[in-house]
Each structure stands twice: as C-alpha cells, then as structure tokens.
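Common to both upcoming complexes is subunit A, partnered first by subunit B, then by subunit C.
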Partner chain A sequence: MTLDATKTGAERAIGVVALVLAVLAPLLFSDFWLNSILTQALILGIGAASLIFLSAYGGMISLAQTGLMGIAGYALANMVTQRVPGGETKGLLLGWDPMLALVLAILLTVGIGLVFGAVASRSFGIYFLMLTLTYTVIAFLFVGSVTLIGGFSPVAGVDRYTPGFIGDIANDRTRLYYIALITAGFVYLLIRYLIRTPFGISMQGIRDEPVRMASLGYNVALHRTLAFGIGAFVAALGGVLYAWWFGQLSPTTMGLDATIQLLIIAVVGGLRRIEGAWLGALAFIWINNEVTNRIPSDGLPVIGGTFNTIIGFVFLALVIVSPDGLMGLWDRMWDAARRRGRPPQVDMETPEETAMASSS
Partner chain B sequence: MPRVAAAALVVFAVLYVLVIADPPGEFGGGTWRTTNTGSALDDPSSFLTTVLDGLTFAGLLFIVASGFSLIFGLMRVVNMAHGAFYLLGGYIAYEVQQRMTGSGFGLQPGEVNTLEWVVPWLIAMVCIGVFGLGVQQLLLRWNQGQDLRQALITIAVSVIVADQVIAHFPRTVPAGIQPYGGNAVSISWPGWTNRLVDLHVGGVSYSLSRFTMLGLGIVVGIVLWLWLHQTKTGLVIRAGVDDRQMTSALGINIQTTFAIAFLVGSALAAFGAVVGGSQASIAQGRDGEWLLFSLIVVIIGGMGSLAGAAVGSVLYGLVFAFAVAYLPITGDNCCSQYSVVLTFVLMALVLAFRPQGLFGRAA
Partner chain C sequence: MKVGRWRLLLPLALLVVGGTVATSGALATPAQSGEVKVAIMTDCKGAFAFGYEVDTAGALAALSQYAGAKPKNKKKPSAGITGGTAGGKSINIVGIGCGDETPALALKETRRLMNQLGGEVMIGPLSGDEAVTIANWAKANPQKTVIIGTAGSQDPTMQIAPKNLFRYHGDGAQWNAGLGEIVYKKLGWRTAALIGDDYSFPWTSAAGIIADFCGIGGRITKRVWTPPAGGDYAPFIRQLPAPDKVDGYFWLVGGANTGAALTAFEQAYGSVKASQHSGNLFLFFLGNFATVAPKLIGSYMGGFGTAQTGLKTKKANTYVKQAGKWYPGVADVNDGFFYNYWNAAWALVQGLNKSNGAVGAALHRALPRTLKPAFQVANGGTLRLDSRRQAIQDQYPLQIVEGTDGKPAALVAGYVPNVDQTFGGTFGPNKSAPGRNFPPCVKRKLPWQGKVQVVKNGVITKQFIK
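After this line comes the complex of A and B, so read on.
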C-alpha cells in the first residue's frame, strides 16, 4: 500500500470516527458543551467553509463572508418577527411565513453575493481581499445606521419563528445541534461535489491560470462571479443558523472583529482544505471558551487587554510558523514521511512559499 | 451596457444635486425630490458649504490614505494595521497634549496654543513611525513577496494593538469621564483656528479649522510629491515601485528604502489621527473606520499612486459629504441613513471601468 493510500485511509478513518462522535454528541457532552461549543463550531465552520471554498478552489480570499452571513440573518430576522403587543420592537417586524422568509433570506443573500462578486470579479489576490473587506464593513455600517431594519440595537426573537420542519429550536437545543450538523454535512458534500463538476474544474483552472483560461475562451469574470454566488449561498446557510442559534442580530455580528475571527478560523483550519473549516472553528471556540473564563475582569495580568490580545498572538505565531494552518501541518507531516523513503530533493522554494503563492 | 447604466447614474446624481432637488415644504413630508436644502440653484450657499465639507474631509482622507498607499506601492504590503496605528497615534497625541496643558479640566478650543498642538503631533508621528518600523523589521522583512501572509501578519498586529490601546487609553481624562476602555476623547486645535472665515461668496462663513485640515492635506501632498520626484531617495523609491529586483540589482540598498517608506507611511497614520482627533474625536472603533476609509480611497484611486490617493480622497470626500446633505428626506427615516450605500456605488462605478482603480497600473 502506498503512502498516499495510507493517508487517505487514515483520513477516512478519522472522518468516520468524527462523524460517529458528532452523531452521538448529545449523549456524550454536557448541554453547555453541546450548545455553546459544538453547535457554534458547526455554524461558524459553515461560514469558514464558504471562505475556504472560495480560497482553495477559486483563489479568492473573501472577507465578505461574515457580511453575507449577517445579511442573511438580518433579512430573516426582519421578515419573521411579528408586531405583537409586548413583543419585539426592533426591525421591520413583517411577520411573514417563516418558510417563505427562510427562502427569501437565502435568495436575497445570494443576489447580493452575485452583485458583490460581479464588482470584484476582475480584482485578484490582495486587491480582492481588500475589496471584500470593504463589503463587510459597508454592510456593518448599513445595518447599524438604518433604523428601519434595526439600527444599532439588536433585532431579537428570531429563534421563536421557525418553519415547521425546523421546530422549536429556542428550547430544544439538541434539535438545533442536529440541524446544524446536517447542514454542515450538506455543505461539505455540496462543495466536494461542486469541485468535481466541469464548473468546479474550470474554477480551479481560473485559480491557477486566469489569463490562459481566458484565452481558452472561458468567461473568467462570470465564473468568478458565480463561484462567489455559491460562496454567498453557503454563507447564507451559516447566517440563518447563526440567527437561530443566537436568537438576535446586532451589527457587531458582522463587525471587523467578527470578520477577523472568521478569517482566523479559516486560517487556523487551513485555507486549502474544506475539512479545516470545522477543525479551525472547533479549535478557535474551544480556546476562546477556555481562555475567556480564566481572564480576570480587569484584563490580562501584566499587559492588560482581553481575549483579543491572546488570539492575536496565537494567530501571529501560527501565520509565522504554519501559514496553511492545522490541515497544512497534517499534510506536511505526511510529506515528511514520504520524503524519508526517498533521497532528499532540492526544493527551490520552501513549502510555505509555495503554499502562499498558490493561495494568493 | 453596464457602462451606459453607470454613466446615466452619474449624470442623474449630478443633475439631482444641481437642479432636480427641491427645498422642503412648509408642512413637512416630501417626495423623492425633497432634500434639506434644495438644489444648488435653490440654495447656492448650502451647496458651497457641502463642497467645502467634502474637500476638507478629503484633505484628512489624503493624509491617512497616502501613507497606506505609499507602503503598498513600494512593498506590496497591505498594512491592515494602518487603522490601529491611527488609533494609537491619536491617543498618544491626546495624552501628550493633556500633560502639556495640565490635565484635569475640559480643554476649551481657545486655550491651546500652536506649540501645544505641534509638539503632540510631532511626538505621535515619531512614536508611530518608529513602531511601524519595528513591525516591518521584525515581522515583514523576512517574508517579502508573500503578500497574503504579510496581510495576515498585519491583521494579527492590528488585533493586538487595537485591544491593547483600548485596555490602556485614555489615561488622563477630565473629572467625571471614565478612563481606559477606549472612550472618546478629543485633541484640541490651536486656539487661532477656532473661528469662521467669511468667504464673501453667497454669505458663506466657513470653519478655519476645517480649512486647516485641507491645507495640511495639500501640504502633505506637495511634500510627498517633492520628496518622491525631486530627491535621490524619492528616485530610488519610484524605481523600487516599478521594478524592485532591478533596483536592488543596480546596487541600491532597497531594504533601507523599504524601512524609510514604512516609517513615513506609519507616521502619516498618526499625522491623520492628530488632525482627525482634533476635528472630531479618537475613540474605540475609529481604527476599523479609518482602515475602511484608507481601503476605499486606494481602491478608487489605484494602489501605490500619489495622484490616485489624491483623486480618490477628493471623490470619496465629496460623495461622503453630498450623500449626507443631499439624499431625499421623505418620511421619518429616509434617506440620509442610507448614505453608506453610495460608498459601495462609488466603488462599483470605478471598478466597472477600471478594475485597478483610476490611477492604478494593471497588476
């Protein structure tokens, strides 16, 4: 058996174990762990998966995914909450049918994603990153200043109006966990499927050689726009789940901190493989939970500051040591094992440089 | 087709401001034509004031964004910590000014003399310049050319710096105001700027401090232009922008040039923060705001171009000012709240014609 087959086998085995653990999680973990750590990790993992999908297969590092998640959540919140005495006060309070609202919220987000994608479709690399960052900040300022859809105070009560097939997730958190798990599985399979379709293959061609693909007759801008639309769809699923999980939406949901957080999750997991999204989310939220509980209320000892200072240093260290994250560490471990059997090769570039060059 | 639509949109916006807009009626309410002041023909002095608002804001935008653009143009580093540098620089200047004037009372604008503004300004610029240089030497020197990795590193720096600034500033505050936590504080302009200038046009008087802001922006532009185009260092920097490898192959120490550029670029963030903090305030959240402003200006104008930063600043400043003043006022909540959408429209319009920005060269 070759080493590659062993690696695939090992990954499959780990995947099966992870899936079994995930399905049995409500029996194995406390309610707090299930709801605050695992469910949140699944949801943010979906958001990070949309980011990694665009970066790994489209060569587009998009910081708009947080904004798109927020847009989906805000759209849903404004459409479902009802104007009842003693009820919610913020937002449009349209009180529409939750099923209709769910579909419309996702469609709206995909539509906005397509417009965003079309504007950015001719920008590459670091320009793309900057442009998509402005999208999220603009969305943040928009929901913060337009009082009609909520303004700066939160739009609450989203989790009380869910479609029938979702059920009462405000109280039954195990149900919400399984819904998040199924959605995450669906997103994973969808992306795995998409990258094997002709569209997915040409998307990867455009990632590597945009000029050559254009001269072969592919519409590069259109492909990138559509890919961005798919990314927006995945982000919308994450945004809707986040709205149900958190129950309320405020502009900080898509603020700069949240944007950087999602990027950190994606980078910690590894920008080159979809699996990294959930790995990164779990690691990030677990560290966040462990560390935040231990920080005194007046800030960190000696230097002061909050969790952000710690995660900033962790992120800095990770980017310096292993810029392709935990999945990259895993891949490099196998590369090292492979090299042991052969005479050492002379690499012109270090692995990091190759990784960064291909993903930028 | 999209270009025709874009052109039509621009023409409509200009016509709207110039003739279509109506002043508000006596009994409130309004249509899509109703604005606060009416069109430029109805109320020329408000129009002039709005133009001045836009241009003076552009002066401040240019100071901050030119530093961001300089660093990118030469080194291909997107300094995501530019906003955090702005925040830190603003607070440093505030603390120095408080120490100089004797803290503990709320500063009135007239109580500050020129020296008490210039010294904090200089100290903040030096501090942030040196800090930026340290970040560059320590974190960005050994990984040149890996633009994504460098962007991620500066993001990490911005997270740490912003969090630390919020934890430790403002330190000296007037009685009754909470110290620390990134609360809003203002730097004071020198007393002589605290008056209105009569322009003798349409009866408009305009704030001298805002004119100062524009003047400083123009001075920064001229000095940067002279530096880049009339000195040896500038010559090397421009050569480095065009072809880094060839420049260093000619025996020029490009590393020194990079260091100088990063020093100056970071110091400009602090320069902008002192001006911006004097005109408005320094507070938590300003870092993200000014990172956004810098990004928008250079996306519109084109990365790494001085002229691009200037044109981008003027365009964005004008759109910003006109969006607030000239969006219709139909109903309770419409429409100046929606002004941020025009920021996106402006970027979309520019990128539809020139993906690399107005003065940017194709990558």
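After this line comes the complex of A and C, so read on.
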C-alpha cells in the first residue's frame, strides 16, 4: 500500500470514528457540552466552511460570511417572532409561518450574496478582503441602526417558532444538535460534490490562473459571483441554525469581533481543506470555554488578557508552524513521512506542484 | 519539521487535550446536593467594566452579612467567599460572569454559568440589554432563578416578565421619576429635546423623563438617538434644536460618552448653560464626574434609587456601617451598583431561608415580596414587588452642586415615594416597551405628581417641590 493510500485510509477511519462519536454525542457528553460546545462548533463550522469553500476553491478570502449569516438570522427572526403578551419586544414581530420565513430568509441571503458577489467579483487579494469586510460592517450598522428590525437590543424568541419538520428545538436541544449535524454533513458533501463538477474545476482554474481562464473564454466574474452565491447559501444555513441555537440575535453576532472569530476558526482549522472548518470551530470554542472557566477575568499574571490573548498566541504559533492550520499540520506530517522515502528534489515542490505532477 | 518531533509533540498534545477535557466537565456528571449554586453576572469589559468588583462586592458583602460567609480577599471581591449558608444549605459561588454589556456575551456567559457550571440562581446582570437577553433565557429555563443585579431596562419585568425573574430595584424610567417635574417647576422648562444612546436602557430612561415631563405639561420637541458605540457625536448634536429654540436638553448618553457628546454640543452651540441641561444618572457618574459635572453645577439629574450622597435615617446609617465593613475602600456602598446587588443577594438569603434551601419553584414562591432596603422610606421603609416581581421603590432625583472641596458633588434634591413601573398607566405589559418613539409626549396625572418632596442635607422635608 502506498503512503497516499495509507493517508486516505487513515483519514477515512478518523472520519468514521468522528461520525460515530458525533452521532453518539448526546449519550457521551453533558447537556452543556452538547448544546454549547458541539452544537455551536457544528454551526460556526458551517459558517467557516462557506469561508473555506470560497478561499480554497475560489481563491477568495471573504469576510462577508459573518454578515451573511447575520442577515439570514435577522431575516428569520423578524419574520417569525410575534407580539403576544409575555412575548418578544424587539424587531418587526411579523409572526409569519416559520417554513415560509425559513425559505425567504435563505433566498434573501442568497440574493444579497449574489449582489455582493457581483460587486466584488472583479476585485482580488486585499481589495476583495476589504470589500467583503465592508459588507459585514454595512450589515452590522444597518441592523444596529434600524431599530424597527431590532436595533442594538436583542430580537429574541427565534427558537420558539420553527417549521414542523424542525420541531421543538427550544426545549429539545438534542434535536437541534442532530439538525446541526445533518446540515453540517450536507454542507460537507455539497462542497465535496461541487468541487468535482465542471463548475468547481473551472473555479479552481480561476483561483490559480484567472487571466488564462478568461482568455480561454470563461466568464471569470460570473463564476466568482456564482461561487459567492453558493457561499452565501451555506452561510445562510449557518445563520439560520445560529438564530435557532442562540434564540436571540443582536448586532454583535455579526460585528467585527464575530467576523474575526470566523476568520480565526477558518485559519486555525486550515484554509485549504473543508474539514478544517469544523476542526477549527471545535478548537476555538473549546479553548474559549476552557480559558473562560480557568483564568480569572482580570487576566493572566504578567501578560494580562484572557481568551483573546490565548487564542492570539495559538493563532500566531499555528501560522508560524503550519500556515494551513490544523489540517495543514496533518498534511505536513504525511508529507514529512513521504519525504523520507523520496529523492531530495521532491522537497523543493509545494504540495500543489506535487499533486499536479502526479496527476499529469 | 522532522518526523521525530511529531512522536513527541503528538502524544503531548493529546495528553493536554485529554487532560483538559477530563477535568472540564465535558462528560456528563451528576449534580451535587447540600449546596445552592449561585452565579453572579456582571461586566468586566466594555463601558461598565468598573462594575465587576463593585457589583461582586455588593452581592458578596450581603452574603457575608446575612449568610455568614467570609470574603477571601477584602481588597478583591472577585476572589470569592468562604462559608455561607442559607436555608440549611451552603452557598457555592460557581462563577462570576464577565459581560461587556452586549446581549450576545451576556447569553453566552449565562449559559456557561447556569448550564455548564450548574448555577441554580443568578444575581445579575448589570446592564439593560443584558437583562432583556437574560429575561428571555429565564423564560426558557423556568427551573432556574434570576434576581437582576442592577439593570434598568423595562422589558424584563414588564413585557417579558418570566415567573422566575425578580428585580428589587427600579428600572431606568423609575429612577428618573420626579425629574421632569423638577425642571418644569424649578427651571421653568416648557419645551425640551433629548439625546440618548439607541438601546434599551436609554429608551427606558428617556421614557421615565418623557412621562414625567410631559405628564405635567412639558413638551418634547425632538428625540435624537445615537449609536451606542459612541464615536463622533457632531452629526447627532446638529440634529438637536439650537439653545434659543428650546428651554432645555435631557442627556441620556451612556457610560462616559456624555463628555464627548457635550464637547460636540459646545463646539456647535458654544458654552453650556447648566440650567438648560438635565439628564439621567450618567450625567455625573462613570467618568463624567471630572469632564461633564464641572460644567453643569446646578443641573438636576435622575437618580439610581439610592440616596447617593447619603440619607440621614437610622436605617441608612446602619446599612452604611454594615455594608461598608466587608470590602472597605473597594466600593461606595451608597452607589447603586453596590446597593442593588446587595439587596438582590439579601433577598436571595431570605428566600432560601424560607424555602429551607430548596431552589426552583419553591424558591420562586419563597423569595420575599417585600424588603426593607436602606433607602426605602415609604410604607414604613418597606419596598414591595408588584405582580410581575418588579420593585415599587422610592426615588431620589439629584442635583449637581459644588462640594465643600470645590469639586462637583451629587446632592439628593428630591424624594419621590413609591414609584411603580407603570407610571400611572403610561406603561403596561400589553403596551410597547420603551423605544425611539414610545411613549408619546402626553399630559397625564402621575401618582406622584405634585408630591415630590424637598430633601435638604440628607433629611426629607415636608415641603413639596415648587
């Protein structure tokens, strides 16, 4: 058996074990861990997956994904919550059918994503990054300033109004966990499928050589716009789940901190492999929880600070040791093993070059 | 990196992760009995970060006073307590929540304290939107108990009002009762504009002023709301009518931002005239003492349900002595942040004693519907909760004066007995929560109209404000 086949086998085995653990999680973990750590990791992982999808296969590092998640969540929250005695107090409180609201929230987010994508489709690198950051800032300020849809106060009670097939997730949090797990699985398979389609392959071509792809007749801007729309769809799924999980939405859920957090999750997990989204989310949330519980709020001795300090160090160390995040660490381990049995010149090649050489 | 290093690093990493998971409560564990798990929720970041030790001091001092606990460190309340029993059960402080006044972090911290660490009772939070968030959380967690620390939004006990949530102090509107009448009568204001932050607490705070000022015949000609993040106030100040177009201004800008807002006002309209400016408690506190207050000597402002500069009654004097001994020099016991957390913890001890340490529904039934806090004078000094478990509390409008040391000081100027949350029907559970445009400016008879008593040198006189 070759080393690559061994690696693939090991990854599949780990994947199966992770899936089994995930399915059995309600039996293994406390309610808090299931609800606040694992469910949150699955949901933020979906958000990070939308970012990694655009980055890994489209060459677009988007900071708009948090904003798009927030738009989906806010749209849903405003459409489903109701003005009843002892009920909610903020937002439009339209009281619409939850199924209709769910579909409209996702469609609205995808529509906005396509518009955002179309505007940004001709920008690259740092300009693309800044433009997408602007989208999130616009979304943040919009929901914060327009008090009709909530303002800076929370729009609450979102988890009490869900479509029939979703059920009572406000009281049955295990149900919400499984819904998040199924959605995460769907997103993973969807992205894996998409990158193998002609569209996905041409996206990867545009990622590597946009000028060459344009000269071959591909509409680069359209491809990038559509990819952004797909990213918005995935982000919308994450946003809806986030609204159900959190139960209430306020602008800070799509603020600058949240945007940076999603980027950190993606980078910690690894910007090149979609699995990194959930690995990064789990690592980020787990570290956050441990630090909050274990370190006094007035900070660490000498260096001060709390979670942001710790995650900052982790981020820094990871970027130095493995720019491709935790998934990159895994790949590097296998690359190192491979190098032991290869001639020295293989070391000169990047993993991409190695992959291209082996496929050609 | 050589493979050899991985052989060392991987097991090490797995050991760290495994060890942390094993000790982190990740795996399901049964609940302990024989103790009551209490969480304190306050802020350690953002505009109210100063409240972390002050709020904690208030709650833990009361537990020390009434439940036999002892501070671990008299200079640092967040170090916690040892001992302490109520209703035959020991009190276990499971954690002190660290919010930043945002709903998102408040909910996250609440879940950590109450769901992960197993808190059964929460004392907190500190600020308005946090309380809205936690009230909604409380509704979904009816077996838990929340006693609000010192948050001033109306919604938690008016529109949301879950049965497991209690508040032993006024909301932001109640704190401002009497202020409108004072500026109407003492300063002759007939028209006013207001400017405030655009979220729950300033809306509630403004609601009290509007109801009071309009109730007696005043008119609010303009309401300007600014993004709570602060920043450049110039464009918002320009939306206010000029000083010659209005009799006065009510300032409801949160935290320490009043200084920046007032500076922008001066840049637009020239020096401020103290008799033309009023506002809520933030006009003086939270860092505005040095920047804003010196310019506003003589101005009237809303209170905090406390006789901030002291009230000369036996009960108030006893409280100052009792509360002040636990964390000397850390917090001013007359300050509402300390006082409100003190009263919340005191009520909890009473409730636990009555329920024999039982929590959940038994504690909800047992928590006192009356309390005798230091600055309550009406009803023989008894504060009552209404049917939505919200305090009906005496209020004390303040005036900024020049202290004996030449520095500005907040002096109690009036006494408004028994202020309830409805303002004579202005607010109600089936009405909108205070917002940008609610309540409307309407003349109406409030229960305390014409009955605001003058307070002189810490003594409530028989005179009414004229």
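Points to keep in mind about this one:
Simple rule for what comes next: the second predicted complex is superposed on the first by the 341 of 360 C-alpha atoms of A that agree within 3 Å, B and C clash if a C-alpha of one lies under 4 Å from a C-alpha of the other, contacts with A are read in each partner's own complex, and residues count from 1 in each chain.
Just so it is clear, a contact is a pair of C-beta atoms (placed from the backbone, for glycine too) under 8 Å apart; a residue touches a chain by one contact, two chains touch by 3 or more.
Values in this document were obtained by computation on a predicted structure and should not be read as measured data.
After overlaying the two complexes on the shared chain, residue contacts for A:Ala337 are found with subunit C alone; subunit B is out of touch. Contacts of A:Glu290 after superposition on the shared chain: subunit C is touched, whereas subunit B is not. Judged by the touch definition given at the top, the superposed model places A:Val319 against subunit B, while subunit C stays out of reach.
In the superposed model, A:Asn308 lies in contact with subunit B only, and not with subunit C. When the two structures are aligned on the shared chain, A:Met130 is found in touch with subunit B, with no touch to subunit C.
Contact with both subunit B and subunit C is seen for A:Thr147 once the two complexes are overlaid on the shared chain.
Common to the subunit B-facing and subunit C-facing surfaces of subunit A are residues 141, 145, 147. Per the touch definition, subunit C reaches subunit A in the complex via residues 1-3, 6, 20, 24-29, 44, 52, 78, 95-96, 98, 102-105, 107, 109, 111-112, 115-117, 129, 132-133, 136-137, 139-140, 153, 155, 159-162, 198-200, 225, 227-228, 429-430, 432-433, 435-436. Looking at the complex, you find that subunit A touches subunit B at residues 61, 119-120, 122-127, 129-131, 133-135, 137-138, 141-142, 145-148, 255-256, 260, 263, 267, 299-300, 303-306, 308-309, 311-313, 315-316, 319-320, 323, 352-353, 356-357, 359-360.
The touching residues of subunit A, when paired with subunit C in their complex, are 28-33, 35-37, 85-90, 141, 144-145, 147, 151-154, 156-157, 159, 170-171, 246-248, 250, 252-253, 258, 289-290, 292-293, 296-298, 321, 332-333, 336-337, 340. On the side of subunit B, the complex with subunit A involves touching residues 76, 78, 139, 145-149, 151-153, 155-160, 162-164, 166-168, 287-288, 291-292, 295-296, 298-299, 303, 333, 337-341, 343-344, 347-348, 351-352, 355-356, 363.
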